[in-house]
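Note that the chains take the letters A, B and C in the order they are written out, and that residue 1 is the start of every chain.
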Amino acid sequence: MISFASFPSTSEAYGRYGNTRHHPDVEDDVHMDLDEDDFEENVQRLTVPGESITSSHAFMRGHGTYVDNDEVIASVAGTVERVNKLITVRAVRSRYNPEVGDLVVGRITEVQPRRWKVDANSRQDAVLMLSSVNLPGGVQRRKLESDELQMRTFFEEGDLLVAEVQAFFSDGAMSLHTRSLRYGKLRNGQLVTVPPILIRRLKSHFVSLPCGVDLILGLNGYIWVSKHVKQSEQEGEEGFDAEAVYSNKNDDIDEATRAAISRVSNIIKILAAHFVPLTDSVLLEAYEWAVEQESSVKDLLLDDVGENLVASLGSGLRQ
Amino acid sequence: MAVALVSKSERDYIKTSLQTASPLRADGRSLLDFRTVLLETGVAPLANGSARLNIGKVAREGGGGTDVLAAVKLEVEDVESGDGVDGGRVACSVTCSPSAYSHLSSNALDELQHDLTVILQQTIAHRSLHPSNLTIIPGRKAWLLNIDAVVLADSGNVVDALFMAARAALWDTKVPRTRPVEYRAPESSRATEKETQDSMDVDQGTSGFDTRDMARDAADFELPDYWDEGEVLHGRERWPICVTLNLLPPIHLLDATLTEEASIPLRLHLMFSFPPSTPPILQAIRLSGPGELDLAYVKSCITDGEKYARELFSALESKLREEDLRRNTKARDRFSSLR
Amino acid sequence: MSSRIEILNDGGYRSDGRKQYELRDITIDLTQQGTADGSAQLTHGLTQVLVTVFGPREAKMRSQTLHDRAVLNVEMSVAPFSTGERRKRSRADRRILEMAAMIASTFEPVVQTNLYPRSQIDIYVHVLQQDGSLLPACINATTLALVTAGVPLLDFVCAVTGGVHSTSPLLDLTTLEENDVPHMTVAVMPRTRKVTLVTMETRLHVERFRELFELACEAGQTIHREMKYAVKDRTVALVNAMDAGSKGGAADDHDRDVVMDDRI
C-alpha cells in the first residue's frame, strides 16, 4: 500500500551538479573560435545566456538572442539553430510559444463579456471570442444576445477544450478558435501535462492508438487522453450537434478502456520525465512494451520500470 | 487543501472510475495505494532535527509531488519569568510557499497556513504526547520545542505529508545534554583570593560554578561536551501520523491527488498514535468539506483508518530507522576518512 | 563587540580554514521542483536557498500589469529554522521585503521583460539555511532558476560578498564574519562586467572599498563559471535525452552530436 524511498543522491540525480573550483587562479577555459563549421549539419551547438554566438554583420538575430556591440548574443540556454542567415536559440525548457495554426489544449479560467480566458501554458491566458466558437443551431449562424447571456452553457470555468491558434493581439496574447468539428469541449478522459518542447509538430495531433485510446497532443504541452470515438460519431449525422459538443456528460467507458487510458497517461509521464519527445510511433512502441511486460499500470511509475521502458525504445526502430 | 480547477467531465470521469467494480485511479493506483514517498532526515544542519518529505515525485524531469520540509528547533525558556512552562512546551507552525499555491491570494495563503498550523498544533502539542525530557532545571528552565514545517509544493494529501514530515523531524530530534550548575561562594575565601590572582581559568575546578548534579537548587546549566548531539526525545515512538480518507460513500480512497481532491471534497483526517505494546490511540479527528455522514459509516471509517494508519506507521518507522542507520554510517565514514 | 574568534589568523587562515579569497563550495541542483517552470536549489557553504520561477504567465493582479513589459514579482520566505537562533518572520517583515525588492531591482535590467507585455514572472525565494552571503546566494539561485525556466536574460547575474578585516579583504563571508567586519554585496553581469547591484550597510574606507569592489567583481567571474557549468550540464543532458528519444538511439551514446562551447 505504501512504500518509502530516498531522495536521489547528489551524484545520481539528473541535472544535479556538484563540484568546486576555487577562486582565484583558476585556469581559464579553452577558447574556441567559432566559424561556419559550427553550423554544420548534425552538429548541435548549445549555448547559455550572455554567450556570444556570432557577429551580427553576417547573421540576423532571431528568438532567444539579442544584439550588443555587433555581436549576436544568446539570451536563453538551449540549442543554436540557423536558418539561412537567421540565428535563433531554442530554450531547452520554457513556456509555450504559440504560432498561428498551432493546435492547443486549454482550460477555461474565466468567463468575460463575449469572451473566455483560456490557460494554455503560455505567457498570458489565451482569448476565445464568442464569435470564434460554433454555436448551437448551425455552424454559420450569427451570434445573438441570448448567446452572450448563456456563455457558461458552452464553456465554464475549468472546462477543457481543444482549439487552434487563430491570431495574436498586439500585446502577444493569442486568440483561439474552435470552429471545426474536431475542436471544442473535451470529454471522456483525463489531462496530462508535459514540457511543450517535447511535443513536435506532427502531420496530425489527433492520434488514435489501437488500444481504444485517443490522444490530442496539444503543442502547448497539454495532452488529452480519452476513449476512442469513431470518426463518424464525432461528426454526427447532421454535421453539428450542439448538445453533444457542449455536453459535460461522459459516455459509458468500460474498465479495459479506463485501464488503457491510465496506462497511456503513465507512459506519457515517464517519457516526459526522461525528456523523450512524444510522437505517435514512440507512444505506440512504449505502449506495446508496457503491455508485453505485463506490468501493472501503477508499476510503470516506478523508477526502474521507467528506465527499462525508455531503454527499450529505439530497439524496435533500429531493426 | 488547494482546489484545482477541473471540468465537470473530468470530475465525472474520476468519480465513475472509482465506483466501478475494480476501481482504478488516474495513475493506475487502487483506492488504498499511496504514491511513492521520498524521505530524508537531517536535512537542516542548524536544526535539532529535520526531515524533507515528498509524496509522488516523478523521477528525473518529472517533478511534481507534495513537498514538505520540517525542522525542530529547541530554545531555552525561563519558567520563572512566565515565558516558559515547567516541563517544556511544544509549538508548531506551518508556512505555505506561494509556489505551492500560486493561484491563492496572500490572504488566502495566510488562512491556509493558519488552518494547517492549528491542525498540527492541536494534535502534536497535546499533553498526552509530551516528551518527558524537555526539562532543564525543574521550575526554572525548560526547552521550548518548535516544529516548523514549510510546504514547498502541493499535489494533494498535504495533511498526511505534514504529519509524516513532522514525525520524522521529531524522531530525528536530539535534545542537547545539560548539566545543572549552581553558583556558590568558594569554600575558602583565602584560597579564592590566591586563585584569582593566579588565573581566571574556569576549567581548573576552582571556579565558582559547581557542576555536580544538584537538580534542586541549580541556578543555571551548562552544555557539557559530549561525543553525540544529545539524546532523542522521550517517547518518540508515540508521535502521531495522519491518514486522510477521501470519502465518496460507500468507498474511500487514500493519498488523493489535487484533481481527486477537487472531485471529492469530503475528507476525514484521522490522527493515530501507536505507543509500543499498548493499543493505538486516536489522537485527533477532523472532517472537512461539505456533506454529512451517518455515524455507522464514520465508525467503519475509523476502524479502516486505524488499519491503514498502522501500515503507514510501520512503513514510516522502518524508513526512519533506515535513515538513522544511513546517517550513522555516513558520519562514521566521514570520520574515518578524516583520520 | 568583537567576537573572540579570530577572523584571520597569523597563518592567513579564516575561522573555517579558508584563505582570504577562497570561496566556499557551491552545489547546484536544477532538477524540476513541483510545478514550477524553472527552479534551482543552491547550496553555498552552509547557506541554502531554493528558488522557483513561474512564468511569464497571466498576471494575477490585473491592476498591476504593465502594458509594455512583464512585471517581476519577487516573494521571499525565510524558514524559521534557517538561522542559529530560531526566528519566525512573516512575509511582510521589513527586512524580507527589502531583500525581495533588492532582488527584483537586480533583475529588472537583466530580464528581457519587454518581450512579455502584461505578463508576470513570479520568483519565489525560499531561504532554507543561512550562514552568511545570503543575498548573493539568492541572486545566484534566481539567475539559475530563470535560466531553467527559459526566461530570456541578457546575461547571468553573479553575486558575491566581500569584507575587509583591518586591511585585508575577504571574500564570501560567513555569518560570523559578517557580524564582525564591514562588508558589501556585489552582483555583476560577467560578459560586459556591468554591475547590477552594490549594497553595503556598514562603513568602509573609500580606498578599501575600491580594492574590495574589484576583487568582488573578479570573484563574480569565478562564480559565473560554476553556474555556467551547471546550466550546460543540464542542457546537454536534456538535449541528449531528446536526441536519443527522437532518433531512436538508446541513451548510451552520450555527447554524440553535441558541441560544447566553453568560452568564457
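Operating definition for what follows: contacts are C-beta pairs under 8 Å (C-beta built on N, C-alpha and C of every residue); 3 or more make two chains touch, one makes a residue touch a chain.
Keep in mind that this is a model prediction, so the values were computed, not measured.
Looking at chain A and chain B, the chains that touch each of them are C.
Chain C has the Cα centre that lies closest to the mean of all protein Cα atoms in view.
Inter-chain centre distance (chain A to chain B, centres taken as mean C-alpha positions): 39 Å. Averaging C-alpha coordinates per chain places the centre of chain B 30 Å away from that of chain C. Shared interface positions of chain A, i.e. residues touching 2 or more other chains, are given as 14-15, 109, 274-275. Looking at chain C, residues 31, 238 sit in touch with two or more other chains. In chain B, the positions touching at least two other chains are 60-62.
Across the interface of their complex, chain B is touched by residues 31-36, 46, 50, 52, 54, 60, 75, 77, 79-86, 88, 91, 122, 124, 126, 128-131, 238 of chain C. Those residues of chain A that touch chain B in the complex are listed here as 1-8, 14-15, 107, 109, 156-160, 185-191, 195, 248-250, 253, 255, 258-259, 262-263, 265-266, 269-270, 272-275, 296-303, 306. Considering their complex, residues 5-10, 12-14, 16-17, 20-22, 24-30, 32-40, 52, 54, 58-62, 254, 259, 308, 311-312, 315-316, 318-319, 326 of chain B touch chain A. Contact residues on chain C toward chain A in their complex (touch as defined above): 21-23, 25-31, 37-38, 55-59, 67, 70, 112, 115-119, 147-156, 171, 189-192, 218-219, 222-223, 225-226, 228-239, 241-251, 257-264. Touching chain C in their complex are the following residues of chain A: 10, 13-24, 26, 28-32, 34, 38, 42-52, 64, 66, 68, 73, 75-79, 91-95, 109, 117, 119, 122-125, 171-173, 197-198, 200, 271, 274-277, 279, 282, 310-311, 313-318.
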